[in-house]
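Next up: the structures, one after another.
First subunit A sits with subunit B, and in the next complex the same chain sits with subunit C.
Now for the complex of A and B:
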């Protein structure tokens, strides 16, 4: 393999990446609507299961330290079968990256640049992401480190500002579990578990490159917990500000909530703060999926992933627009098709099927060495 | 290799979105493929195709340079 660089991420960078990745577009579109006013409970429950999933992914990686998911496939199933699985995952990662990008493009053309073609927004965003990934994983880590304080504080400030504006009605959260536990479970499986928590599968391409792999487990769990708490905060903010029905109807509930802010009849229309949060979250999320796909291509073709950044970036921009004709279609696909045919197989079924083979193979290779 | 994989991934991705459209909407395969492959006239979708073309030619240049450097390293 030629010119393939070994990149390292610090544990703090890993924490930030997971935190921003998880919040990413989950903060934009409303999540856990099936649970109505108990969406925050559903998110909390999904977070616990998400931590379980993260543990499973880490366990797989810890069997072969330093190897990413695609290298594990090759170890378990050989070059051809492993290559086929890698190709499937590449398509999955690129498809999800395109969907995430579309979320952002829709937000921008609906609220900020109403006259600008969505194609232009998609291409512009991809150029930024391509540039960042071309410079490498470490640059992505450092960029997220720089913007993290703004990202975090803006989310918190929005909640506080809405509260001070007197727009929060905590009665909207009641009755707690009024319809029982069933709607909560319906919201968790498979939707909330797979989006955003199951999407951590993309980090199986990044965790092996952390400077202290052994501590990555703790950091991953902490990051999932922190992002889960932030999503709960977000859900509470949206439910108390908009109410259950409005939240379910709103395309971008966080943005609608932020529009309620009116402080001293002076600080109003803070939409741009939300757009910043979303933009950064989406840049990181698309980059992580994109990086995962690029590492797969690197493994398949035995060439550095940087060679593929520009061409594959063009495909992401293309697919993000072609994926659906309008936002309603995009959301429908995201709710019906994607969890069933994409998330569940790639996040749960395949890793669960691979796990016994991996355990058997690693045990066998250890015995062979003895 | 870059050009080949670019073309392959593009076709496979179009295949994936076509399958999902077929599953969700009661339209014929041909009409969905037509919508997914060609661009609608009068829209700004041409930008995406220009971008794809750029990606394709970039891939070709990368492949050419890679081959050239491989040849020169072999001869030296």
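Now for the complex of A and C:
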């Protein structure tokens, strides 16, 4: 393998990446609607399961330190089977990357630039992402480090501002668990568990490159927890300002909530802050999936991934536009089809199937070493 | 290297500059009011009110002109009409600063869901405009009545409702999202404020109306309208509106409480003027013996602004006595208003159903679908706990010192 660079992320950067990745578009599109006013409980529950998932992914990686998910495939199943699996995952990552990108484009097109063609927004976003990934994983880590304070404080400030504007009605949160746990569980599985928490699978391509792999476990769990808490904060904010019905009917509830802000009658119309949050969240999210796919291509073709950045970027932009004809198709596929037929197999079933093989193989190799 | 630089700069120039959807300021007109009437040949007759911005600059160009401009079209959907307005108007319209939506009685009686959906769906409208039902005249007439201080009619109405809402509570303060969530909830029905025109609408259209100290034509607040689902079914007066608002989000108000408890003619009675400075209200539904009991609980602070009563305001007993009288007076008022809504309209506009849902979810589920009937039958308990804190900068009133024969 020539010209393949070894890149290293610091633990703090990993934390930030996971944090932004999880919040990314989940904060903006309405999640957990099945649970009505208990959406925040559902998110909390999903967070706990998500931490379990993260533990599982970490455990898999820790059996072969320094190797990413695709290298584990090859280790377990040999070059051809492993290659096939890798290829499937590459397609999955690319598809999700374009889907996430489309989320953002839809938001921009329906709220801000109503007459701008969606292609134009997709392409400009992809150019930024391609540039960042061309410079490498480390640049991505540093970029997110720079923007993290804004990202974090904007979300917090929106909540406080809505609260001070007097638009929050905490009554909207009641009755708590009025219909029992059933709706909550329905919201958690498969929707909330897989999106956003199960999408951590993409980090199996990044965690191996952190500078202190041993501590990555703690950091990952902490990051998932932090982002979970942030999402709960967000859900509470949305439910209290919009009410359950309105939230369910909003395509982008956080944006609608931010529109309610009116401080001292002159700090108003701050919805663009939300667009910043989404934009940055989306850039990181697309990049992480994109990076996963690129790493896979690197492994299969034995060429540095930088060669693929531009063409694959073009493909992502193309798919994101062509992925669905209209908004309803996009959302329905995203909430019903994709979780069940793509997220569940790729995030849960396949890793679970690989785990025993991995355990068996690594045990054998360890014995052999002895 | 230089070529690379040049190329990348060129690329940036192409990508980063400009904005696809940009609209220059001198290409737009700001819409401040929309008035919806029944059309003669089609479903709706829509009138828009556009601000004439040059009238607001210090050095007016082009001399005196009307502060706002209205234009009317007929059609079957509001959104189509809004895009079609340029039949008679030069600039593109922007709606994010819409202040008031006037809906005529006739339209409101037939149901207004059909165009409320457009306002909700279109990202252009913010959630800060008033929804007003216009009584008497056509809605169209209301966007044409000017006013000396706030020359644009809708801005005037908006400011007026805001002040009225804060000062006395005679405007229910309903916004689009409130209206819609009341519509979708089974435990609540929507309300909205109403307007009337005092005087001749034709005279109000001219700016001469602004030259007088007592204007010929004036748009006034007139209580509120009650809806069953999305259909208008009746009205409450301004006083009843205040009582309604007292169960919701009232902050300050003032009232005249009789000095003595015995019934007298209003002109013989002596009153004290009481200002409520702070209130906290809570709706509760208690569920005992299988029957819901509606409970309104209000805490707050009041102060005496003026008194015609002779009682000595330096004594604790007087304060206690007055406090009781105030509480009884307010409780009676609110009770009467709720009773009136129960008997005359039979729809829950207060949100007792929602409160019931929050407290006794399982029981509510059973009556959810005929909640309005249950509401109309239910008992009402009003618990007022207003504290009288102070009485201005004087203790004893001078009235009691005047020597009398």
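We adopt the following convention: the second predicted complex is superposed on the first by the 370 of 370 C-alpha atoms of A that agree within 3 Å, B and C clash if a C-alpha of one lies under 4 Å from a C-alpha of the other, contacts with A are read in each partner's own complex, and residues count from 1 in each chain.
Everything below uses one rule, namely that contacts are C-beta pairs under 8 Å (C-beta built on N, C-alpha and C of every residue); 3 or more make two chains touch, one makes a residue touch a chain.
Keep in mind that what you see is a predicted model, and the values were worked out from it rather than measured.
Of the two partner chains, both subunit B and subunit C are touched by A:120.
In the superposition on chain A, A:153 makes contact with neither subunit B nor subunit C. Judged by the touch definition given at the top, the superposed model places A:94 against subunit B, while subunit C stays out of reach. Within the superposed three-chain model, A:337 lies in touch with subunit B and out of touch with subunit C [touch as defined at top].
Of the two partners subunit B and subunit C, more subunit A residues are in touch with B. By the touch criterion defined above, A:211 lies against neither subunit B nor subunit C after alignment on the C-alpha atoms of chain A.
When both complexes are aligned on chain A by C-alpha atoms, subunit A residues 117, 120 touch subunit B in the first and subunit C in the second. Residues 1-3, 5-6, 9-10, 12-14, 16-17, 20, 23-24, 35-36, 43-45, 47-49, 51-52, 54-56, 58-59, 62, 66 of subunit B touch subunit A in their complex. By the touch criterion given at the top, residues 110-117, 120, 124, 127, 171, 174-175, 178-179, 242-243, 245-246, 259-260, 262, 269 of subunit A touch subunit C in their complex. Across the complex, subunit C meets subunit A through its residues 15, 19-21, 96, 123, 126-128, 177, 180-181, 184-185, 354-355, 357-359, 361-362.
Those residues of subunit A that touch subunit B in the shared complex are 87, 90-91, 94-95, 98, 117-120, 122-123, 126, 297, 300-301, 303, 307-308, 310-315, 317-319, 321-323, 325, 329, 332-333, 336-337, 341.
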